[in-house]
Structures are given as structure tokens and as C-alpha cells.
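Both complexes shown next keep chain A, but they swap its partner, so chain B is in the first and chain C is in the second.
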Partner chain A sequence: MNLRRLLAMAIKEALQVWRDPRSLAVALLMPVMQMAILGYGVSLDIKHVPLCVYNQENSQQSRAVVDRFVSSGWFSVSHVITRYSGIRRAMDRGECIAAIVIPVNFSRTLAATGSAPVQAIFDATDVNTTNIALGYAQGVVAQADADITAQWDAAHDVQPSLVGQVQLDPTVWFNETLDSRYFIIPGVVAVILALVGAQLTSLTISREWERGTMEQLISTPISALEVMLGKLIPYFLIGLFDAAFCLAAAIFWFGVPFRGDLATLFVTTALFNLVVLGIGYLISVRIRSQLGASQIALMVTMLPTTLLSGYTFPIDQMPAPIQALTYIVYPRYYVTILRGIFLKGSGLSDLAGPMIGLSLYAAGIIWLAARAFRKRL
Partner chain B sequence: MSASGDGPSVLAEALTKKFGDFTAVDHLDLRIEKGQVVGFLGPNGAGKSTTIRMLCGLLLPTSGQASVAGFDVGREPEAVREHIGYMSQKFSLYGDLTVQENLRFFGGIYRVRKAEFAERMRFAISMAGLEGRQNALVNTLAGGWKQRLALGCAILHRPPVLFLDEPTSGVEPEARRQFWDLIHDLAAEHVTILVSTHYMDEAEYCNQVALIDRGKLIALGTPSELRGHRLSGRLYELRCSPLGGALKALTGVPGVVEASIFGDRLHVVLADSGPAESDIQRLLGEHGIEADLPRRIVPSLEDVFVQLVSRGEEHRVTS
Partner chain C sequence: MFGRIPIMLFKEFIQLRRDRWMMFRLIVPLIIQMIVFGYAATFTVHHVTTAVLDLDQSQASRGLISHFVATSRFDIVDMARNRRQITSDIVHDRAVVALVIHAGFSRDLENGRGAPLQVIVDGTNSNTALIALGYINQITSQFSAEWAARAIPLQVSVAAPATGIRLEPLPWFNEGLNERWFFIPGVIGTLTLLQVVSLTAFAVVREREVGTLEQIMVSPIRPFEFILGKTVPFFLIGFGDIALVTAFGILWFHVPFIGDPLVMLVGASLFLMAAVGMGLLLSTFSHTQQQAFALNFFLLNPFFILSGFAFPIAAMPRFLQWFTMINPLRYFLVVIRAVFLKGVGVNVLWPQLLALALLAVVMLTVSVLRFSKSLE
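After this line comes the complex of A and B, so read on.
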């Protein structure tokens, strides 16, 4: 290992990235775009579900029920209709997902018996959204029910019964506002770093083969290890720069609470960087065309990071064989670590499990990458 | 292990390379002494590049062995690489780097001593004729400059042995001549140079010429040795028309060793006890071919090469 050769290689590689518009775009533009698209675009929260209201009674009390839906923030009224068929039409056009129908004798029934039905209709073509909207609707109605019952009891001088008075008082930790963005954005950072890192290094060896510079390079006394390390140095720095950008955007732009310490973040991010750079390099050694290498790099980073890292699809809810599979998917460890550092303020000792996983992965990949390149034609 | 001072710079023994069923280099023996400029001649696909690549440690020989600067190419490829400069057939500097950046890169890779580096770089730039263009991207240079810069990069670390694989192909004649001047300057400093080419005229610039055809070394000697002793018979040149008909008419005639077309003329080798010049002219006349009286000429290397190659073919056919 010779420092001078390492440095010569690193400088050469950095100059080539600097002069290659495509690499530069991947290194600098892609993180910004991905952060904007994934950060804003991916949200599991559903707000302002378009609601179709068919208020047959239109009394003060029935309007109060509708107001509860609106003021919850989960719904916004898109249509007020006066005929049943209007619901079908609005749903067919996709203009509303939910509809409530308040019957004509709503307040009278309520006054007489202390309870009255409200019909809710959902468009279940998108099951996920419907389930969430249904949950919201049940929440709104339950709250209304509790308030009305209390009023009715007071008005009729009924002692509130003890039955049904055990109340759940939920306290949510780590993501107090239950904002799914806080949960997703650390995962987005992992996705971006994996994509960018592997894309850049996937070109590094294949470019030399494609341009015919490899033959000259391997005729020199530079060792395979010096080639690898020299080439990875600039990409490692770019990776850290991109990580700093993405993490800063997560904290300062998207407002994800950061409760951990920077040292833990740095160590784990550096490790993750090594893994993705090593994977890209490994692909680059094996595939001698830049296009092929970059396609494969896209596949082996994009698929596991988006599908199996737990970044949007919770690992706990996957079938057992798929869950087992996630252990060999490196972004899983980094996503877990990032969420821990960001939301829980976990330190190195708390994250020992995923840290060991990631370290083993990094060591394995770098070992394979160091052995992969042979100085032969 | 150190480079042996007195031994040959390049020694190949029964060096063989097979790609599947195809034998690219076939039991090649080669010995090049220090400070020699050896021309490696042969048609395309003869095995020149494969041989050079094996000598540089870029390809593993299928069998046989070779040493360069005293180091075995199979066992000590890194030691070999420390002691050689190599220019591949295809231009292989970094086009997206400037002249100076390329030189700095190779200077770093070869660990040229810091104290010496500035001077070596100046030398390489002036040798390539690129003064004032240090900051030009290499892609923007014309062929001749690119080749000279590639040579400059290959000799930054003062290698004792230099392998140049068709360095002048695709370069205009004037730049080719300049390139050969550089090669001779290097040889004057005792650098051993193996340079492959398919330009026969360039062989005249070499101390020694190795002729290779279909993976086999078919002749090795100085240009004058090859010209003088290798040709069996007397060489004549004659103008005649049509050339093709004349070639056919002379084939198989007793005493005619060899006939081949050279540009707009015919070269004919006649056995020492064979027909006289006038016999040839009369013979062609009988076939309705107008011909001048054959004129005896000094054989060029190309004549030798043609004869050696065709002799090899006959040999292969009969064996």
C-alpha cells in the first residue's frame, strides 16, 4: 500500500467525476431531487379525505355532526347533495371517498332515545386509504357519541353509569404527533445514499474498460487494493457530503426531530456508505459496460431499499420468510439505526444489533470487492 | 530479487497463448539484449499484441515462460511492471484529463521521486511538443501529439524496458518519423525497446527485426542480415501488364522461387541457377504479357517477409 499511488488515483478519479456531467448530476442533483420527491411525495397520513354530505334533516344538531367531521381535520366536504344518487355519482367520478348520510328524523330520534344512526359509505377501491378514513370516521363519531351521551344524561338527570367509563388515555412516544413523515424521512435518506453511492461507483471500473484506459492502468505497478481504495476515496467523501445534505434537510427542512448524537450518526453513516460504495464497485468490476453496471446497481439498491428495508413497508408485518430475507438486506440496518438516532436518541450501545449487522456487511463487501479486481485483461 | 545487469532484457522460451482452440502465440522464443531496438513485424492477428501483453504481465501465458528485466512475468508481474513502460495499441490515456493531469497521475502511480518529478514532467512535455498546452484536455489533441504524450507517460519513471504496441498506427507519416527519432533517443540511453508495427519501412529503423506470423517467430536478425541471407535466390523487379496474368504465368515455372505483386510492379525471386532475365521476359511474352527486362534489386524486408510467410505456408501444407 503506497500513499502516493492512492492519492494519485483519488485525485484522478475526482477530476473525472468533476468533468463528467452525468456523474456530477448523480452526485449533486439526485439527492436534492429525491429528497424533494420522496420527502414530500411519500406520506402515509391521509388528511382532508373528500367527504360527500347528504344531510336529510339539516337541523342544528345534524349540522353539528357534519362540523365535527370537518373540524377533525381528516375530512373536508367536497359535495353537499340532496339526493342519494349524488353519492354514487360523486364516487364514480372519484370526487369523494366517503359519504355520510344523516337521516331525516335524526334529532327527534336522538332526543327520544338518546341514540340515532348516521350512515357512512366508503369507496373501498383503495383498501388502505378506506381503512384509515374509516378509522377517522369512527373516531369522530365516537367522540360525538360520548359528548351527546353526556349531554343527554345531564338533561335527563341520569347518573352516569360506571360501566363504560374506563377510558384509554394514550400517550405516544418518539413520534408524538404521529406524523408518518418523521418515520419515512430517515428511510428516504437511506434510499438516496444507497442509490447515489452505488450508481457512482458502478461506473468507476467499467468506465476504464469502456474507454480503453484499463489496459494502461494495469500495466503499471499499482496494486488492486490501491486501485480500489484510491477510487473509493472521492466517492466516500461525496457520499458523506450527500449524507450531510440529506440529513440536514431532514432536520431543518422537514423538521424531523433529531434526538441522538452526531458521532453515532457519523459512524453509522460512514459504515453504510462503505457498504453501498463497495457494492457499486463490485458490480463495476464484474460488468465491463457502464450502462450495464449502472442498471444492475440501480436494481440491487433500489429494490431492497424501497421494499425490504422497512422504510415504508413495516418489516413486522411481512410474512416470516420475507422478514428473514430482510436480514440480508443491508439498508434494513441503516434505516433502523437512523430511526433510532433521530426519533429515540439511541446511542451506539442501543444500536449494537443493527450496528454489528452493518459492520459485518461492510467488512464482507469490502473483502469481496478487494478480491474481485484482477490486474489481467 | 533484482534485475540482472548482464542478462537479456527480454527472454521468452516456448511462450504460448491459446484462446480456446485458437493458438495466438505458438512456442515463441525471443531474446533481446539490453539497449536494443527490436521491431516486431507481422500482419494483423499474427500474435504481436498477445506476445507483448504476456511480456507486460497483462495476460498469463498458457505455457512456456518469459522474463523481463530479469523478472518472471508469471511469478513476479508487479516487479516486471515496475521496470517497464507500455503503450497499448489503442490510445489509453485519460481523455478527460489535461496533459499535465495525466502526467501527474502516471508520475504518482510510478512513484517518480519528488525531486526528479518536475524535470521529468518538463521533459515529457517538451518531448511530446506540448509546451504551452499543459492544460489542454487530452481529447482535444491530434493523433501524433497523443501518441508522443502516451510515450512520455510510459517513460516518466525511466523504465529500462519499453513495450510499444503499434505506436505509429493511424499517425501521419511526419509524426511517425518524429516518433522514431524519440525511440532512438531513448535507445541511446540504453533503454531496451520492443516495438510492434505493421509498417515494413519502419523495420529499417530497428537494430533487430523479429518476424512473426500466425503466432510463430519466423525470422530474427538485423535488417541487413534478413535482407542478405534470408532470401534464397536473386530478386528482380519488373514492370508488366497485366500484373495478375503475369503472376499466374510465372507460378510453377522451374527456377522461379517466388513471385509477388508490389504496388504496380512484380517482384520475382529467381534461383541462382535458374532462368536469366531475358528468359522471363520471353516467357511472359509467350503468354501475351508485355514486360520490361527484369531489373535486379536489393531486397527490402518486405520481400523477405513475403517469402518467409509463403514458405511457412507451404511448410504447413506439406507437414
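After this line comes the complex of A and C, so read on.
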């Protein structure tokens, strides 16, 4: 290993990045754009579920139930209809996600038997949204129910009894407002860094092959290790810059609570950066055509990081074979680490598991990458 | 003209065949991704790790715990002895939910004061936490109802009858709330978009970078013919992709397909035209394959995230909702899900189909114009 040759390689690569302003702009602007778009886009919390109302009775009592849905703030009435087929039409067109139907004899049944149904129809195509909307609807109806019971008790002069009633006293830790963006945005940072990093290095070797400069590189006395390190250094710096930007945006712009310490954040981020760039480099060495390299890079980064890193879909809910597979998806470690640092304020000792995973990964990738490149035509 | 286009097509297919790995890269990853993502994309909440601190140690408290054990929603991983253990379980990720039953729980149940059950939830994953809280609510109210039913006959004064209103949920289109039915059609659209856009963009830029574009320029071929020759193969590949993964979704994942295959065919054609147009447009903005590659990443990820694949468009801020209007995937996902699950036809889906057609026309026209300019 010769420091002078290493430096020369690094400078050459840095110059190449510098002289290709389009690529440089992409490397620096891409995280900004992605962060801006994705930070706002990744929310699972539907605030105003579009609601279709079919009030068959239209009595004072039935209107009171509808009003409760409206005033809860969880629903916004998009359609008031007078026929069953209207629900089907609105749902087919995706104009409402939920519909409530209050039957003709609602208040009569309620007065006679003390109990009456409210039908809630959901467009269950999107199951998660349905579950959330169902939860809101249950809350609204439970509240209405409690009030009606209280009125009944008062009218009949009955002392309210809580015999056998369990009262929930829930406390939510770490993400007190249950804002889905707080849990997804740290994951978004990991995904963006994984994407940018892979795209930075994945073409660096195949480009030399296709442009014919590889022959020149091989004829120099530089060693394979020096080529690798020299090529990685400039990208490592760009990667760190990108990381700093994304993390700052998450904290200061999107207001994700940051409870950990910066040192832990820095160490883990640098480690992750190493893995990401190493992967790109490895792909680049193994696959000589740029098209092939880019396809593989796209395949191993974009969808796996999005779907298997646990940043949206919880890993522990996946079937066991798929869970096993997620251990290969390196962003999963960083997603876990970032969430821990951000929301829980975890230190290095809490993060030992994913840290070891990431370190092993980095060592393995660098070893493979160093071996893969041969100075041979 | 009709002689030149088939020749151009022929050349493209030869080029595709020459790349030994091409067919392999086209088909195998697609199927693997389909299987993996089909299984991975889930928001279900099952087997939530739960720690329990039972300070009452009564029949009632054990009854409540057994209600939790009886469902597959919660897995009790720790019967804690003290509060510190509970806190540590949550902080160190051993449990997502902690239940604390205070001393005097059964006494409170009997004397009608209402018995508090303290619940601590790790809200890191807000979605899981929200759904788990809903289940806890259901389980405890069921427990309460059973307890009250047993207790009330013993009381002297007749208590209130079961009063009030109840919700009757009726999920349409997906009665079993099977999430795969939602995500598989989404995976089909996403995989196709990624593959078709990147293949098209690269095919053109490679000609430019390798220098064969000059050769094509000196031939009598017109820009329009060149573009047709470049796009038709990828359009066909995209069709093959959609057919393959759709068949997979139906046969392997058993997603019901109740709609009209013809509507699907129309939607898929328009979507593929838009995707090919997008690839071409990207290629006119890049000189090197690296740039094409960067642009691909740059755009495809937002297009994927902002398509409604997992994050509902209704939950996005207004300006992003506007942005999704230029996203072909957004429209195609509506079409493919509606055809799969709702079985609706063109009379309902015409706005989406029209939008796809418009996007296809605009992107293809703009790229032809930009291309003619660069060829002249």
C-alpha cells in the first residue's frame, strides 16, 4: 500500500466526479429532493376519511349519530346519498372509503329494545386504511353509545354501574403522538443513503472498462487495494455529506424527535456508508457492462431497501423465510439503529445487535470487493 | 418506412439476445421479487411481544391475561415481577406492549368503581402501536362484557339493560381483510414500471455512448421510426412482465381476479406506453449511462413511494397530491386493483385510463421532439 498512489487515485476519481457536473448535481441534489418529497409523502395516517352517509331514517337521533362522525374530525362527508346503489357507485370510483348506513327504524328500535345497529361499510381494498378507519368509527360509536346509556340511566333514575368494567389507561412511549412520519422518516434517510451510495459507486469500474481506460489503469503500478480505496474515498465524503444533510432535515425540518447522541449517530452512519459504497463497488467490479451493473444495483437496492428493511413493513410480521432474508438487506440494520437513536435515545450498548450485523457486513463486503478486482485484462 | 421499422426491431431483438444474461436478468429477478415482496408487504399485527406485570394475582387478573393469551395477536414473553423489569422490557425492545394489573384489580371489578388496566405501548412503529391498542380495547371490552354478564344476576337492583348503539362493520371487496389482495396488484405495477423505464432509457443512451447513434443518424431512418424501433421491444417485454406476474399473483397468491381481462389489457397497454415514454424522455436528458442511471433512481423512487402502493395518497399534503398527477403508476394501481378486486369496467375507470393515455401521448411526443432536435 502506497499512500501517494492511493491519494493520486482518490484525486483522479474526485476530479472525474467534479468534471461531470450533472452526476455531481445528482449526487448532492438527489438527497435533498428525495428527502423533501418522501418526508412529506410517507404517512399512513389518514386524517379525514372520505365518508358516504346514507341516513335512511333522518330522525333527530339518527342525525345526531351522523353529526358525531362529522365532528370527530376523523371523517369528512363526501357524499350524502339516498339509495344503497349510491354507496357502491361512490366506492367503485374511490370517492369514499367508508360509508355509514343508519337503518329506517333506528330510533324506534333503540327506544324499544335499547339497542340499535349502525352499519359501517368499508372499501377494504386498502386493508390498513380500513383498519384505521374502522378504529375511528368504533371510537365514535362507542362515545355515542356511552352518552345514550348515560341519558337512559338518568331518565330511568339508575345509578351507573361499572361492575366488571376494565378501564384502559394507555401510555405510549417513544412516539407519544403516534405520528407515523416519526417512525418512517428515519427509515427514509436510510433508504435514500442506500440508493445514492449504490448509484455513486456502482458504475465506477464498469465505466473504466467501457471507456477503455481500464487498460491504462492496469498498466500503472497501482495495486488492487489502492484502486478500491482510492475510488471509494471521494464517494465516502459525498456520502457523509448527504447523510448529514438528510439527518439534519429529519431533525430540524420534519421535527422528528432526536433523543440519542451525535457520536453514536456518526459512527453508525460512517459504517453504513462503507457498506453501501462497498456494495456498489462490488457490483461494479463483478459486472462489466454498465447496463448490467445498473440493473443489478437497482434490483438489490431500491425495492429491497423499501420493502425488506423494515422501514414501512414491520419485519417481525413477515413469514420466517422472508425474515431470514432481511438479514441480507443491509439497510435493515441502519433503519433499526436510526430509529433507536432518534426515538429511544439508544446508545451503542443498546444497539449492539444491529451494530455487529453492520460491522460484519462491512468487513465481508470490503473483503469481497478487495478480492474481486483483479488487475488483469 | 415499413421496411425500416421491422429492421430496426430486428436489430433490437438481436441486441437483446446477444446479451446472454439478458433473458435471465429479465425473468428470474422479476419472479423472485414478486414472491419476496408479495410475502413481505404486510401491515398485519400478530404475535405482538407482550410483558405482563400482575400485581393482583387473583382469579380475575389471571382471567384477563388468559383472554390475551387466547388470541394470536399477543405473545406473552415476560411475566415481570416489578415495574423496573417492565420498563426495561420496553426500552430494550423485548416487548412492544406491557400490561400492568394493579393490586386490587378484582376488588375494583366487583365494587363497581371500574378497574384500571395500565397499558404501555412502544409507539416507535406507530402503525403497529395503533392497531395493537385497538386489539387491546377489543379484548378488554369483551372481558368486561363477560364479567358484567356473570356479575349482574347476583345484584339485587336490576341494572340497566344493554342499551345503546353498536357498529356493524362490513368490509367490501375484501371481506377477509387479506392484505395480500391489496399489495400484490401493487407489486405487479411497480415491478413493471421499474423494469420498463430503466430498460428503455438505457437502450437509447447506450447507442449514444457507444457511438452507434451516429451510424443510425447517417442512415435514412427517421426519428419517429428510430423511436418506434426502440420502444416496441420494451413495450412487448413489459407486456410479458405484466402477464407473467399477474398469472403469478392469481395462481400463487390466490388473489381473486373478478374483473374483465379486456379492461386490464387496455389499462396495461396505456400504462406501458406511458412507461416507455418516460424511459425515452429520461434518455433524452442523459448523455452517459451513468446519468441515465442516476436519473432513473432519482425519479423512480418517488414515483414508487408516491403511487399509493403503501402510503395512501389521501394522507399526503396537497402539493404532493398534485405531484402524483403525473405519475403513471398512480393511475395504473387504481386500475389494476379495481379490476382485480372490484370488477369495475371502463365506465368507472375512464378518468384513470384517460390520464394514462394523456401521459403516454405527452411523454412520447416530447421525447420524439427532443430526439429529432438532437438528431438534426
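Basically, the second predicted complex is superposed on the first by the 343 of 377 C-alpha atoms of A that agree within 3 Å, B and C clash if a C-alpha of one lies under 4 Å from a C-alpha of the other, contacts with A are read in each partner's own complex, and residues count from 1 in each chain.
By our rule, contacts are C-beta pairs under 8 Å (C-beta built on N, C-alpha and C of every residue); 3 or more make two chains touch, one makes a residue touch a chain.
These figures come from a predicted structure and were not determined experimentally.
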| item | value |
| --- | --- |
| First (chain B), second (chain C), both or neither touched by A:L195 | second |
| Partner chain in contact with A:I11 - chain B first, chain C second, else both or neither | first |
| First, second, both or neither for A:Q143, with chain B first and chain C second | neither |
| Which superposed partner A:S76 touches (first chain B, second chain C, both, neither) | neither |
| Chain A residues touched by each partner, larger count belonging to chain B or chain C | C |
| First (chain B), second (chain C), both or neither touched by A:I218 | first |
| Touched partner set for A:Y182, first chain B, second chain C, both or neither | second |
| Partner chain(s) touched by A:N105 [first = chain B, second = chain C, both, neither] | neither |
| Interface residues of chain A shared between complexes with chain B and chain C | 20 |
| Complex interface listing, chain B residues touching chain A | 53, 56-60, 77-78, 81-82, 84, 86-88, 90-97, 101, 104-111, 150, 153 |
| Contacting residues of chain A [partner chain B, same complex] | 2, 4-5, 7-9, 11-12, 15-16, 19-20, 211-223, 375-377 |
| Chain C contact footprint on chain A (complex, rising order) | 20, 22-23, 26-27, 30, 33-34, 37-38, 40-48, 50, 65, 91-94, 97, 110, 114-132, 134-135, 137-138, 141, 144-146, 148-149, 152-153, 156, 158, 160-176, 178-180, 182-183, 191, 195-196, 199, 202-203, 207, 210, 289-292, 294-299, 302-303, 306-308, 312-314, 316-319, 321-322, 325-326, 339, 343-344, 350 |
| Residue numbers on chain C that touch chain A, as the complex places them | 19, 21, 25, 29, 33, 36-37, 39-47, 64, 90-92, 109-131, 133-134, 136-137, 140-141, 143-152, 155, 159-175, 177-179, 181-182, 190-191, 194, 198, 202, 206, 209-210, 286-298, 300-302, 304-306, 310-312, 314-317, 319-320, 323, 334, 337-338, 341-342, 344, 348 |
